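Both of the next two complexes hold chain A, though its partner changes from chain B to chain C.
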Partner chain A sequence: MDLLDPFFLEALVNGILLGGVFALPALGLNLVFGVVDVVWLCYAELVMVGMYAVWFLYTQAGWPLWLAFAACLPLVSLLGLLLHLLVVKPLLNQPPINQVLATGGVLFVLQGAATLAFRTDFRSLGVDMPPMEVGEVFVSGTKLAAFCAALLGAGVLWAFLKFTYVGVAIRAIARDREVMPLMGVDPQRIYLIASAVGGALAGLAACLLVVQLDVHPFVGLSFGPITFMICVMGGLGNMLGGFLAAFLMGLIISIGGFWGNTEYSYVIAFLFFILTIFARPRGLFAR
Partner chain B sequence: MSAALQHAPGPSLELTNIQAGYGDFQALFGVSLRVEPGEAVGVVGPNGAGKTTLLRVISGLLRPRAGTLRFGGQDLAQLPAHALPALGIAHVPENRRLFPHLTVEENLKVGAFSKAARAHFEQRRDHVYALFPRMQQRRHQLAGTMSGGEQQMCAIGRALMSGPKILLLDEPSAGLAPLVVQQVFALVKRIREEGLTVLIVEQNVAQVLRVVDRAYVLETGRVAAEGRAADLAADSAIRRSYLGGH
Partner chain C sequence: MNLPLLPILLLVALAGVPLLSPPDYFMHLLITAVLTAVMGTGWAMMGRFGLVSFGHGAFLGASAYTMALLWNELGITPWLGIPVGVLVAVLLGALLGYPCFRLRVVGHYFALVTLAAGEIVRILVTALREHTGGSLGMTPNQAPPGGGFLAMQFGKAGFWWVALGAWALALLVWWLLDRSMTSKALAAIAEDEDAAASIGIQVAREKLKITVISVAFAALAGALLAQYRMYLNPESLSGLGVSLQIVFGAIAGGMYAPFGPSIGALITIGLEEALRFGFGTELTGAAPLVYGVLLVLFMLFLPRGIAGLLEKRAPTRKPAAPAVQLAE
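Right, the complex of A and B next:
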């Protein structure tokens, strides 16, 4: 095999671009899990709602695309807040299975609501950027732009967690929540902030996905399960692990598709995931 | 400018007839205790006497079932635990409870979380580094990779970041080598010489009686004795029970 084969290089580039888009929901899910200790099973459906919001505002309400994007972030962020306040918070002291069942219930409610509101039609934004040619490799302009936006989002999140008081408290609370009040930190407030940031990340992911995928009520299935696998592979709650695992998964899917076909590439990805959790049950990057 | 901060004398801490416990288990049976501004007070006693419970009640982690808890004019039992650091109460918990995956400086930053403390972050951080030069050398090191003594200093530094009027120390010598224990007590002495009020809970009775003004002896959730540190150290019954004397 020739590693400089332009088709292989294209698969490599596409894998990295795909990983960038997977990284955002993986970061959001990990953030919420690390802080609140609850898995938002309906995370991909929050993204789906954001995709519908952009589609509706742009194609139906006639907003400019950038404004629809700008509205999507606070909207899904608010959805994350409401999810915490109405569903997660009342169950915080309940067994984890109840929290999983409740957020799983929200998944079906959102799918059902989207079906009622928009039917099961595939909705397309109908925007595309021209492909770019680097050497002999063609790169989709849309995917490249989405990738850059995802990296930017991840960079802003990193700076927030690294340099702000709330960000450092978020990283601290993930390790030791009982001691936080002694630092003057109200854990309930940190939970709210993490839920809002987790929602905003889902909103950003929605903006980047809606330009690449048609939106329909079950679109969450096309990236939700992968997102969960990425989080488990990177170690649940481990932000850096999830970020790296997203690129690993993107590469596996893309290169698998280069050798076989797209359906098989997901089979390979799932196989790799299963082998990973056998070999390193606490995640690839667990210390 | 000198790195030392002046500690204005704060209000007095006053516990009256405190009852507290966990579920069916009662740990404190009517404990009364008073710490005057600028004073260093020790609480000593065997394992399971209720010393840690006492500090948890003061810092709001555990609600008393009965009794009053006042800091100056404030009724502490009415406030959530996370509001107390802003009032000037800082608690260095048992086993230090540092954030091992954060750097030394990030640990200090968490300690300065309250709104009022953020404005003084750099000034207090420099003060902590002046008190513990080792912390300055290790400011970018992960707290969990330091020795026990260094971690204890970091935990005390983190508590100082909130600008406390009273510092609550829970077993600062636990798990440390004898030489390090000496260093920790020397630091406690320095901190109180700056005018900070200190309430310290210890099993290491001989050491703690050398740095405090007064002490309470806690036994099975009751105050068994109280008095000036020098008098307690000379008391034959206490020498027999806690100091290995005869």
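Right, the complex of A and C next:
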């Protein structure tokens, strides 16, 4: 097979761009999972709420797009905080299944609320950028812009975790949650911050997704499960691993779609996930 | 072995319900509730030992679609199709479970592996739309006149008895399990897997045993429900949504008591209907909203479900199920 076939190259490029889209929610989920040790089953639904927020502010309230984006981040971040305070915090000492199911309940709540507010119609932002041509390969301008924004977001997150005091505390608590309180770090505060940052990342992901996908109450189901899998494949608490796993999954889906069709490529991606868990239970990139 | 008398009397009384000629709608709710109860009971058989599956929907789908395709494409009666479907689901469960248990995939990881499996079945059913009708769903062919019984297409009373039989079987198996070494071994495994292995419990084998039983009941109920409704679609028979609903029923009723998941099924079906009456089809989002709020409230205030409430009222009668704390 000809690796320089323009269609194959296009699938390759699209896979990398798709990986960028998966990367942000996977990073956010990984942060919360690694720090608070609770799976937010409703993470993709937080993204969905953010997408509706942008759609509503831009097409209905008539705000400029950048302002709608700017409002989306703090809004979803606040939702993350509320989720932590109202649902997760009271359950911190409960078995993990109870925590997961409670956030599963929030998933139904958000889907139901979105259906009530906006019905099940598909809503489109109607924003598009012209495609760019590199050699014989067409690249969607919107996807490329979203990809760059995702990289930027991931970079900011990295710098935050690496260079700020709070960031170091977050990483430390993900390593050892018993010792950190002895070092004078209040875990409850760190949990709050991680939830807010996790929410903000969902907000950013929403901004990038809303320009590529139509919003509907069940849109979260289309990328939610794969986000969990990326997060686990990369290794819990391993940000870089999660980031790389996102691109791997993006490539599998895109190249699978090039050879067969997209549905089967998702089947392959899920199978790949299951086999990865069997072969490397601590994540693909665990040492 | 002497079976307790009360449940047998209850079963006989329930079997007599169609003789009172209740309204069709009432019978419909009862049949749906009992089949949902079988799913929940099956799920709780492994759920209560910390084996939390988010993919039981996959097994409903595997058996229901096997049964329906055998009937539509080859004309094989559901009387044979359902056992074959259950077998397919059980093989699928074993194929997924065995490596999980061998390689010690537990806790969150196990839940996510099962979630992936549920999604795989949902996507496959959708993708194979030439046979399964995709997301639009499919209907089993009508039986030729006079062939209703052979094709397992009979009235509400007939399905009520079949469903009741499946339910009684599930409870009997639960009762037998509670008196077996397997349940004691699994309780030990849920507490501490290493310690259990060190006293000679074959961890993977015991887990596989309970998984096979659990999957078989979910698969049986899934196929019967599809056959009763005469309609199959991927959303209601596979994927995350229906899997979470099964889990919700089991948890709301209480997964540590044998009747817990059945209470949960009554709640979920009752709730669904009440919301449909209360809000009509206008406000379609209201049902999941209330449903989700209840799920959160149950987790916050009543994590052992309704049956857990009864345990407290009668402290002298200890529940037969071991009080397992779900280990990670």
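Convention: the second predicted complex is superposed on the first by the 287 of 287 C-alpha atoms of A that agree within 3 Å, B and C clash if a C-alpha of one lies under 4 Å from a C-alpha of the other, contacts with A are read in each partner's own complex, and residues count from 1 in each chain.
Assume a contact is a pair of C-beta atoms (placed from the backbone, for glycine too) under 8 Å apart; a residue touches a chain by one contact, two chains touch by 3 or more.
Quick caveat, the model's predicted, so the values are computed rather than measured.
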item	value
Chain B versus chain C as contact partner of A:Ala169, first or second or both or neither	first
Contacts of A:Phe228 with chain B and chain C, given as first, second, both or neither	second
Which superposed partner A:Met180 touches (first chain B, second chain C, both, neither)	first
Touched partner set for A:Phe122, first chain B, second chain C, both or neither	neither
Contacts of A:Gly104 with chain B and chain C, given as first, second, both or neither	second
Chain B or chain C, by number of chain A residues touched	C
Common interface positions of chain A, toward chain B and toward chain C	none
In the complex, chain A residues that touch chain C	39, 87, 90-91, 94-102, 104-117, 119-120, 217, 221, 224-225, 228-229, 232, 261, 263-264, 266-267, 270-271, 273-274, 277-278, 281
Complex contacts: residues of chain C adjacent to chain A	47, 50, 52, 96, 99-100, 103-105, 107-109, 111-113, 115-117, 119-120, 123-124, 126-127, 239-241, 244, 247-248, 251, 283-296, 298-300, 303, 325-328
Partner chain B, residues of chain A touching it in the complex	165, 168-169, 171-172, 175-176, 178-187
In the complex, chain B residues that touch chain A	59-61, 80-86, 90-91, 93, 97, 99-102, 106, 109-114, 117-118, 158, 162
